[in-house]
Amino acid sequence: MQEHILSILIFFPALAAMLGFVVHKDGAKAYGITVAGIEFFLSLWLWHIYDPMVSGMQFMESAPLVSAFGINYLVGIDGISLFIIILATFFTLIGILSLTETRRVKDMIITLLFLEMTMVGVFAALDAIVFYVFWELSLVPMLYIIGAWGGPLRIYASVKFFLYTFTGSLIMLVGMLFMAYFYYQATGQWSFSILEWYRLILPANFQMWLFAAFFMGFAIKVPMFPFHTWLPYAHGQAPTIGSVILAAILLKMGTYAFVRFSLPLFPDAAVAFMFPIAILAIIMIIYAAMVAYAQEDIKQVVAYSSISHMGVIILGTFAMNVEGISGSVFLMIAHGVVSGALFLLVGVIYDRRHTKLMSEFGGLASVMPRYATIFGIMMMASVGLPLTINFVGEFLSLLGFYKQSHSYTLVAGTAIIVGAIYMLSAYKKAFFGPVTKEENKHLKDVNRTELLGLIPLVVIAIWLGVYPKPVLEPINNSVEAIVQLMHDKAQTPEAQKRIPNLATTGTMNSVSEAH
Amino acid sequence: MFEAIAFYLFAALTIGMFTITVMTSQALYALTAMAAGMIFISAFFFILGADFLGAIQIIVYTGAVMALYAFGMMFFDTTRSVIEKRNNPRFVVVLGALAAVLIVLIVLAPIVTTNLNSQHPIDLNVGNTQAIGMVLFTKYLVPFELAAVMLLVAMIAGIVLAGKKMDKSLTLMADEEIALMQASSHDRTEEEGEH
Amino acid sequence: MLEPITVSLASLNVTTMAPMLIAIVGALTILSIDLFKDGLHKSLYVMVALLFLLLDLGAVVDFGTIFLRNGTVLGMFNMMLIDGLAILSQIIIVVASMLFIPLALTSKRFHEYNYPEYFALFLFMIAGFQFMVATDNLIMIFIGLETASLALYTLIALHNRSKSFEAAVKYFTMGALAAGFFAFGSMVLYAITGSVEINQIALSLAKDEYANIGYVLLGITFLLAAFGFKLSMVPFHTWTPDVYEGSSAALAGYMSIVPKVAGFVVAMRLFEFLVHSGVVWLQVILYIIVVVTMTASNIWALVQSDVKRMLAYSSISHAGFVMAAILIGSTQSNTGLFLYWALFSFTNLGAFTMLWVNRQKNLIAGQSSDHPYEKFSGMIRTMPMAAVVMALFMLSLAGVPPFALFWGKMYMIGAAVSSGYTVLALIMALNSAIAAYYYLKLIVFMFMKEPMAAYGENYLLNASLSLKTIIGIAAVATIFAVIAVNPLLKVITLFVYNSGY
Amino acid sequence: MELTLNHYLILSTILFCIGLIGVMRRKNLLMLFFATEILLNAVNVGMAAISHYRGDYTGQMFAFFIIAIAASEVAVGLGLLVVWYKRTGKIDLDQMTSMRG
Amino acid sequence: MELYLYTALFSPLVGSLIAGLFGASRKTSFTGLLTSGLLLTSFISSVILLTYVMAGHTVHVEMMTWIATGDLYIPFGFVVDQVSVTMMMVVTTVSTVVHIYSIGYMSHDKGFNRFFSYLSAFVFSMMVLVMSDNFLGLFIGWEGVGLCSWLLIGFWYHKESATWAANEAFIMNRIADLAMLIGIFMIYWNLGSLQYDVVFAHISILPMPVITWIGIFLFIGAMGKSAQFPLHTWLADAMEGPTPVSALIHAATMVTAGVYLVVRANPIYSEIPDVGNAIAALGAFVAMFAATMALVNRDMKRIIAYSTLSQLGYMFVAAGLGAYWVALFHLMAHAFFKALLFLGAGNVMHAMHDELDPFKMGGLKTSMKWTWILMTLASVALAGIYPLAGFFSKDLILEVAFVEQHYILYSVLLITAGMTAFYSFRLVALIFHGDKRHLEHGIHPHEAYTFMLYAMAPLAILAVISGMVFKTPYYLMVTELLPAVQYHIHNHTTFWIMTIGTQLFVILAIAYAYKKYAKAVKVDKKVESGFFYQLLYNQYYIPKIYDEVFSKPYLQLSKLAWKEIDLKIVDAIVDGIANTIYRTGEKTHTMQNGNLSSMLRWMVIGLVVLLVLAVAFTAGYNAVNLQAM
């Protein structure tokens, strides 16, 4: 079983979803919880048997798929993907647990289980085409969730979401095919295996084009400025569970893919594009934060805050050093937990009031103190307070990029200021002040079901903020391998300079260098 | 020389006839002009030594095709002049003329070729019909058979389409109506049997 | 005097005609059965046709094995040419026909299935297409094409309602014009090469080093126009949506697959050698045609209000997409063409069959066509399985992995990339994105809107066990295409490569 | 003046284009079919001429089959017209625009 | 000793968490008692640690790894050395007092439990801040106190002004925190570690500009927390919080964190005396600047807040001039008397039903005798009258400036000392002397609970004796770690002239204040409408400027970014592309007009277009070939 754990993880939810068609709709939620629970424990078991000291891929499985064209079913995980997979299974569980939807629950559960398959698949895939398959397939359940259970603009939002990301990923597909073709030219063999591609050293100008092609796919998914406008709509219209999973997992696909594909495959191009992308990231950080500040809908605030945070992740990724990349990977998880929790929290008041406009609220802190507390904790985590999960990631990401550029980091660092501005003002509008609306005076505080979903998130947000080591260590080991690979592949002097060589310096110490 | 005169004469005639076919508003004129044009075209075949083809042309076109069209005209009652609403008649003519000019521009050029050995050389010692038969029943046997199939298809198509069964459309009738109709027709055939 | 010609029967390879003859015999058998006893139920004819098609397929597959052993087989005075392309396309033609013919077994009664002749014509048509692909003689191609087309016009008209007549007449008239183009184009090529066999023409042109470039282009122009019509390339495509709308969904689906694959094979034979000989003009023109066809039809499909019309435009777009293979002209692209079309067959079969089972006889008030989008509104509530299956086909058509068409698209784009057509690859990819919109539109209607009561009783009324079986086959094929892709690729590559394409 | 193949080809072209004009111009379907006949006949002239000048029978063969095709087309075309006429009482193609867009 | 260290560190946390559990429930005095008790425990542990440190030891523990990736290794490490133990003493002492005091002060508040939870959390953060052995650990505490400050300022969240002030404080601190982070980044990438010992040991090998930048960035961080100009506005607004909070956070502990940072990072600042001078200059400026605002303000708590600000300026002068131990000493002394002052103000507020304008008070000394005594004592200490704490610490700073020959600084500080005395006693006079103006408002003041007064007593004692008694032992202890520089004016005459002169100056100021405000309050309309008065009263218009220059434009820009850029440009382009495609379809699909004739024409048009291209190509081809021939 251990050898096939990844396949089990990927296909178990799908199988369960198919069987789920038989389940009566009254039992659908229970069924969903059972399946997601089993899946979650499987993923925890995966963590248990994962060897954190190994930097390479583990639990690899391979089966020929279209061997004539070099496509194989190839899965495996390393420290980078492990935790995002766990996050995915975890959030599916949490999402189903705290599901308050009453319309067509069974459809929702089945859709979510399919979605879970695609999410796990994306992060486990080591073959570009398998990756692409799951990547694209994940759009479909999400489309349905947004489109069927969403708000008044749901159809526009869902179609926009689908088409936008679909367009980007098609360009990425062209890039992948190009990559495979280069591999074919170099070796005489077709292959879509990422690990095989890693060995390929491409000329710098090819790298540029391929990087750009992959970038289109990833950037739209992340979403990076200026490709981000689908996100507010998707979040704004999606039902709570949709937003939660979208923010927590689906967005991470883009940033994960940067780490998995763009950096190790095209180190020279990545270095060449470092600063343009950093500028985009900075625009994302500041601009999205400003837009978030101007929002009237609290969900939109969280949505734009996601964009802002993704900017930091991108920045960390393109720091090209262990600190930055580890930080960005950690921040992916952190942002998943935090933004997922925030969307759940927004869902709580939406369920009660069916509005998300901040002007409709005010003074909730006195009516719903427990709710306000949890929201406050998550908000502070989102703002990046030390000892919460986000801080570790943000700190490392910025720290990493500081190595590359002082001034950029200084500007990007305003993330911690502008982030505080929109978050605090949103919190103030919704929770502080007197209770002005009659409807708000008798709102019920979070109930037990909701707490069931929220408490674990709070615990994680603080636990990993205080003690990130169990997660950070495996990530670090895998990231070191990637950075070393990038260094070894780097051809341009610029890239060689920017990407540290871990093999020689061992423990970096400029103190000793200076002596 | 004779050939040239004949060519130009018949060319003028065919072009004239076909122009009438295309331009006249009288269906009968058009039909007649086309029939004449077809016959004139057979003249080219004779000039070019394709006797068999010429004969076929007259038989098939002026015989079969024209008869069919004549039947059609009577059926459709288009013997009177047909009023055709036209938009941009000039556009059509210009487009046609442009096509002609363009093709002629290319076709004016002499054909340069070194490849003159033909697959089925014309042997002047052999009668055209006989020679055609030789080619038709060897090399072109399969197309010939297929053409037979095609004609069969056309025949079936013509019969089926023009048949009486097309008058009532089962596609548009509700299933109950069909059942009713079939029951009554069944009764009728039985009655006929009794007689 | 002519010497008598002696031909040994063995050298004729009469068996090369076996597949087509089986189909023709099948048609004649059906006609004979009708002669002896009329008014038999359509299921008999369906099964007889199916049996003959099965035999036909057996014969084709047998040729396949022969081909793999001995290579290309010529027969009947080199009139028949059984190479890899012929075999592959015949397999697609016959298999697709086998899958479409059971669609006659609807629970409602439609006019055409009352005619035994319908099934006879169907088989004749298949024979026509088979002849068309199994030769490189332009005359033969022409007759095969016409046989098939004339049968097809009739089949359309037999649906017997004014729209189908209109469709048939339009198709027929444009077909007649296209036939004229084909004839003229062949004439021009014949004028400069003295031959009507494509490989002879190729040799002759090469020998003359394309001295008569004007004539060559003239001939190609006309042939392009003719095949542009057959393959519904813009601007020769105008018949497609109307004909699809006018004919029954079953036949429309059929038309989107079989005639086109025959057309593609001929186009491959005709144009690829020219592309390879460096006729830049053709490359440019094909490039333009491919791009315009893909894009324009996609754009028009966006604004359709009827699903069948939308699928018509979508099939134009798919044809444009596949036409790129001929432009690219590498073994990989030609392989991709067949792979794509094989996968497309199943998906389109499914999509059109789904329309077919939803066919109502009389339009309700306010309905202007058979399958408006509104009809599918909220289908997930009323018929969840049907909605899911239909969505599946739409996603496959849109190229969402891992469904069937994705693999075709991927391979085709891969082929474009491998031959240096980067921009083309990008355009192909982006077009898939545009296309996704209109496929999504149906999904949106099915999954995200409320059901419309007026259509409530008309769903699935036309379904029968056999139709559901066909849908099942199509769905399974669409979902599990990934398993089939590898063996398909291997076989197709083998056939295509060994045919010299 | 010696007649060459080009003369015939030009003639063929002219006839073909007359046919084209007819096809484009005619609104009466029956008369439109006349024009399609002209198209095929135009090609036949060319075919026969090439056959003559090349000294090759293939052209005549082609023309022969084209005549067969033309005949079949007439049969099917008239069949279609008959059903259409029976249903609508018209053979004017401007009336035939129920499907569009 | 580790046990004591952990006890000192974590008992506030435990208290906070337990109190937090009852946060949403009704008041239970149990939470107040428990947290106070735990703080007392913390205090006792700190005392034990103090004795241990005074014996010449230090404690350094590494609890566990926090962040480790790449070459970065940051543990949760804690160090108790001479500097941190001083801070620990200050923090635990003041906070214990404030906790006990708050039991009374907050007794009628709905959020009693919540308050103690926050307050203890603050203490924990502060302890982390001072005890951490690395910069990032310090940063945890740094942000932690920021959070608690936000929570406590906005404690009465139904008040708009309170929540506004809370957010302002947090955001302004964040601005400074960014600089601090940058400083930390610089340290890491240049030295490869963030541990104090490693950093300080190697700092001198770095190039000068790097050290300078590190120093500047760290100091900007300190400026935020210590509310130095221009990031000072939040402190006065922060007085919206409950008064014990002001006493603990915004007077005694948190705001001095900046000073602590500079003191802690003294090896860095010793390398860059220029930056030190700048710090000192800024400190002197702020001292004066804040004092001027305090002169005219009409809000009791704000006056004290400005005084805090002013005193922080003093500390920075000392720290900037390298007299780290002096700065730390003043920090300690200041904590005691300023906390006392605030707590007294809290008593007054309670008595006056949260009235803050001293002009509406007066004559309270009769009804609030003990409060009067305590506040006067604190004010005397603040004014720096011998032998109270202020004299020893504050005058020392003056001496430092003098000895270091920064005469301008010296004179500024001297004048400020006079102002300090004036506004302190203006306050005392207005509140406790003169007419009972409050009677007009129907308020009948009463003395605070006795236990609150008892709770304040230790502070009062410390305010009196800490200067005199602690100076020498403190000096001996702390100079083990900090540069041991004695600032003595060697010329005895000068020394005495200066000392006595200063004392006289201060006493004069006090007398003037009493004279002006102790009897009847005359409001001089002319002065009040004068430019300088208005300038000072409106805090140099700085809050207004910030509002106009930063806050409002930022909001407008944000709205612009959303409504104009995001929706009308970025999104509109995307939708525009889609719409263009769709509209093209709508416009062109009429090409398919269903008319067979036009369909045929399209075919012919297609053909003709191809023909044109063919002819053109042929012509071109022939032309090229002819040329080639």
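For clarity, chains are labelled A, B, C, D and E in written order, and residue numbers in each chain start from 1.
Note that a contact is a pair of C-beta atoms (placed from the backbone, for glycine too) under 8 Å apart; a residue touches a chain by one contact, two chains touch by 3 or more.
All values reported here derive from a predicted model rather than from experimental measurement.
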Report summary line: In contact with subunit A as well as subunit B, sorted by label, we have C, E
Report summary line: Co-neighbours of subunit A and subunit D resolve to C, E
Query - Chain whose Cα centroid lies at the greatest distance from that of subunit B - result: E
Report summary line: When A-E and C-E are ranked by contacting C-beta pairs, first place goes to A-E
Query raised in the report: Which chain maximises the distance between its CA centroid and that of subunit D?
Result: E
Query raised in the report: In terms of Cα-based centroids, which chain occupies the most central position?
Result: A
Report task. Could you give the separation in Å between the centres of subunit A and subunit C, each centre being the mean of its C-alpha atoms? Result -> 44
Query raised in the report: Can you give the whole-Å distance between the Cα centres of subunit D and subunit E?
Result: 94
Report summary line: Separation of the C-alpha centres, subunit B versus subunit C, in whole Å, is 27
Report task. Report the inter-chain centroid distance for subunit B and subunit E in whole angstrom, where each centroid is the mean of the CA atoms. Result -> 99
Requested in this report: Would you pick out the residues of subunit E that each touch at least 2 other chains?
Outcome: 578, 589, 592, 594, 596, 600-601, 604-605, 607, 611, 614-615, 618
**Report entry** Shared-contact residues (touching 2 or more other chains) in subunit C
**Finding:** 139, 143, 146, 150, 153-154, 157, 160, 169-170, 173, 177, 191, 194-195, 214, 217-218, 241-242, 303-304, 437
Report summary line: Shared-interface residues of subunit B (touching two or more other chains) are 92, 95-96, 99, 103, 105-107, 109, 111, 116, 118-119, 131, 139-140, 143, 147, 150, 153-154, 157, 159-161, 166
**Report entry** Inter-chain touch pairs (all)
**Finding:** A-C, A-E, B-C, B-D, B-E, C-D, C-E, D-E
Report task. Within their complex, state which residues of subunit B touch subunit C. Result -> 103, 105-107, 109, 111-116, 118-119, 123, 125-126, 130-131, 134, 138-143, 146-147, 149-150, 152-154, 156-157, 159-161, 165-166, 169-175, 178
Requested in this report: Using the touch rule from the top, collect the residues of subunit C that touch subunit A in their complex.
Outcome: 380, 384, 395, 398-402, 406-407, 410-411, 413-414, 417-418, 422, 425-426, 429-430, 432-433, 436-437, 440-441, 443-444, 447-448, 482, 485-486, 489-490, 493
**Report entry** subunit B partner contacts - residues on subunit C that touch it in the complex
**Finding:** 1-2, 5, 7, 17, 24, 31, 76-80, 108-112, 114-115, 117, 120-121, 124-125, 127-128, 131, 137, 139-140, 143-144, 146-147, 150-151, 153-154, 157-161, 164, 191-195, 200, 204, 207-208, 211-212, 214-215, 217-218, 361-362
Query raised in the report: Any idea which subunit A residues touch subunit E in the complex?
Result: 160, 163-164, 225-230, 232, 287, 290-291, 293-295, 321-323, 326-327, 363, 365-366, 369-370, 373, 380, 385-387, 391-392, 395-396, 398-399, 402-403, 406, 409-410, 413-414, 416-417, 420-421, 424-425, 428, 431-434, 445, 466-469, 472-473, 475-476, 479-480, 507-511, 514-515
Query raised in the report: For subunit A, which residues count as touching subunit C in their complex?
Result: 64-69, 107, 129, 132-133, 136-137, 139-140, 143-144, 147-148, 154-155, 158-159, 162-163, 166-167, 170-171, 173-174, 177-178, 180-181, 184
